[in-house]
Amino acid sequence: MIDILYFAWVRERIGLPRERIDTQAATVNDLVAELSAREERYAVAFADRAALRVALDQELSEFSAPLDGVREVAFFPPMTGG
Amino acid sequence: MIDILYFAWVRERIGLPRERIDTQAATVNDLVAELSAREERYAVAFADRAALRVALDQELSEFSAPLDGVREVAFFPPMTGG
Amino acid sequence: MSVRIQAEPFDLGAEANAFAAAQAGAGAIVTFTGLVRDIAGGLQAMEIEHYPGMTQKAISAMVDQAVLRWHLTGVLVIHRHGRLAMSEPIMMVATAASHRAEAFAAAEFLMDYLKSRAPFWKKEITATSSGWVASKDTDEQALSRW
Amino acid sequence: MSVRIQAEPFDLGAEANAFAAAQAGAGAIVTFTGLVRDIAGGLQAMEIEHYPGMTQKAISAMVDQAVLRWHLTGVLVIHRHGRLAMSEPIMMVATAASHRAEAFAAAEFLMDYLKSRAPFWKKEITATSSGWVASKDTDEQALSRW
C-alpha cells in the first residue's frame, strides 16, 4: 500500500487530495502509467510529465526513481513559493 | 577667499573643523603644498595623500583638480558610512 | 534559526525588531518580504496551498545549507498558507551576519530556493476567475548561481 | 524616495512597516539595517561624524542612480550621526520592486555606495581608547561590480 498525494492543479484535475492504493509499480514512471491507464482524469493530469514534479517520502525525486520502501508519493506542479 | 573643511582624523590632526583662507593655489595639490609648508600639523595631516579624499563644493574630486571658482574644499579620510 | 509555516498574518515590523534584538554582535541584518500584489484583472485574494509534511523539512534543509555556507548569527523564515488579502505579507526571510555581503547572499540564496524548492503553490483569485501562478524559468535559472 | 540624515534613533520595525504600507503594487521589499556591534576591547559607544552640506546631496544622487537602473516603487535611506550606543541601528536602506532581484540589487548597490561614497566617518570608543574605523579595500572593490 502506498499513499499518493496531489497538490494544486494536479489535485484539481484528479479530483482528490490523496488516496491509498495497492500497486506493484517498480518506479514512479510505472506508477504514472498505471494511474493514467486507470481513468481519463489521471491521463489528463499526467499528460505532460515535464510540467510535473514528484516527491518520494517528502523529498524531491525523479520519475525514474524506484518505489521500493517508499510510503508516500506526491505529485505537483513546479513550486511557486516565496 | 576659500572655506576649507576638515573631517575625522584630518580635523583632529589639524586641530580645527574649518577655516577661511586667502590663497592663490591653482589646484588642490597646490593648496595642500601651501598648507603643509605653513605649519607642522598640516604637514602631518597631509603627509600621506593616498589616505586622503577631497571634495570641491561638496562633490568628490581629485587632488589635481583646479580651484577656479571653488568656494569650499573639504579634506577627509576614506568614508566609512553604512 | 527559526522556520515558521503559518496561516495567520504576521507583522513585518514586529518580526524585524524581534529578530534584530536577538542578534547580539551582528552588524548587518537583511530582510526580504513578499507581499500579495495586484494583477491585471484585479486581484481579490491569493490562496496558497502547501504540502504540510514536507514544507518545514524542505525549508529547514535550505536554512542548514545557508548556515554552512555563510557566517550567520541568525536566520528567520516565515511563510504563510491559506487565503491572503491584497497587500498582506506572504512571507519573509531575515538574515544576520557580521558583514553585509554574507547577510545579503544568504537572504538571496534562501529566496531563490524558497521560490522553486519549497512546496507552496499560489493561486490568484479575481472577481471572475482563478488561476495557478505559473513557475518562471528565471526562478529555476536563479538556482544555478549557488 | 526618501533620504533622512538624523541624530535621533529610529525604530527599524516601525520604519519597515510604514515603508511597506506605502508600496502599493510592489511584491518585494528588501531592507538592510546596520547595527553598532561590539569589538575586541569592548565597545562603549560609536561616534559618527558627517559632512552636513554634502551628505544629503551625495545620498540623493545614489538613490537617483538606483532609480534609473532598476524598476523601484520606493526607496528609503536613513543614516544617523552623533553618538550611538551598542546594538543601536546606525542606518537602514529599504527598496521595493515588483521583482525580488531588482529590490535586492538596488539595496546592495545603495549599501556599497553608502559605505564608500557617503561622507560619514565612524569612531569606535572603548573604555580606554578611541579610534577611527579604517576603510576596507573590499568596500572599495565592491563598487566595481556596478
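Order as written gives the chain letters A, B, C and D; numbering starts at 1 within each chain.
One rule holds in what follows: contacts are C-beta pairs under 8 Å (C-beta built on N, C-alpha and C of every residue); 3 or more make two chains touch, one makes a residue touch a chain.
All values reported here derive from a predicted model rather than from experimental measurement.
Asker: Along the graph of touching chains, what's the shortest path length in steps from subunit B to subunit C?
Answerer: Shortest path length, in steps: 2.
Asker: Select the chain at the greatest separation from subunit C, using centres from the mean of Cα atoms.
Answerer: It is B whose centre lies farthest from that of subunit C.
Asker: Averaging over Cα atoms per chain, report the distance between subunit B and subunit D in Å.
Answerer: From the centre of subunit B to the centre of subunit D is 26 Å.
Asker: Please compute the C-alpha centroid of subunit C, do the same for subunit D, then give the distance between them in whole Å.
Answerer: Each chain's C-alpha centroid was found; their separation is 23 Å.
Asker: Cα centroid separation between subunit A and subunit D, in whole Å?
Answerer: Computed from C-alpha means, the inter-chain centre distance equals 48 Å.
Asker: What whole-number Å value describes the gap between the mean CA coordinates of subunit A and subunit B?
Answerer: 72
Asker: Got the subunit D residues that touch at least 2 other chains?
Answerer: 34, 100, 111
Asker: Would you mind listing the residues of subunit A that make contact with two or more other chains?
Answerer: 82
Asker: Within their complex, state which residues of subunit D touch subunit B.
Answerer: Within the complex, subunit D contacts subunit B at residues 34, 48-51, 53-54, 57-58, 79, 90-91, 111, 114-123, 132-135, 140.
Asker: Which of the residues in subunit D come into contact with subunit C in the complex?
Answerer: 11-17, 20, 23-38, 87, 89, 98, 100-101, 103-104, 107-108, 111, 142
Asker: Once bound in the complex, which stretches of subunit A touch subunit C?
Answerer: Against subunit C, the touching part of subunit A is residues 5, 7-9, 11, 55, 58-60, 72, 74, 76-82.
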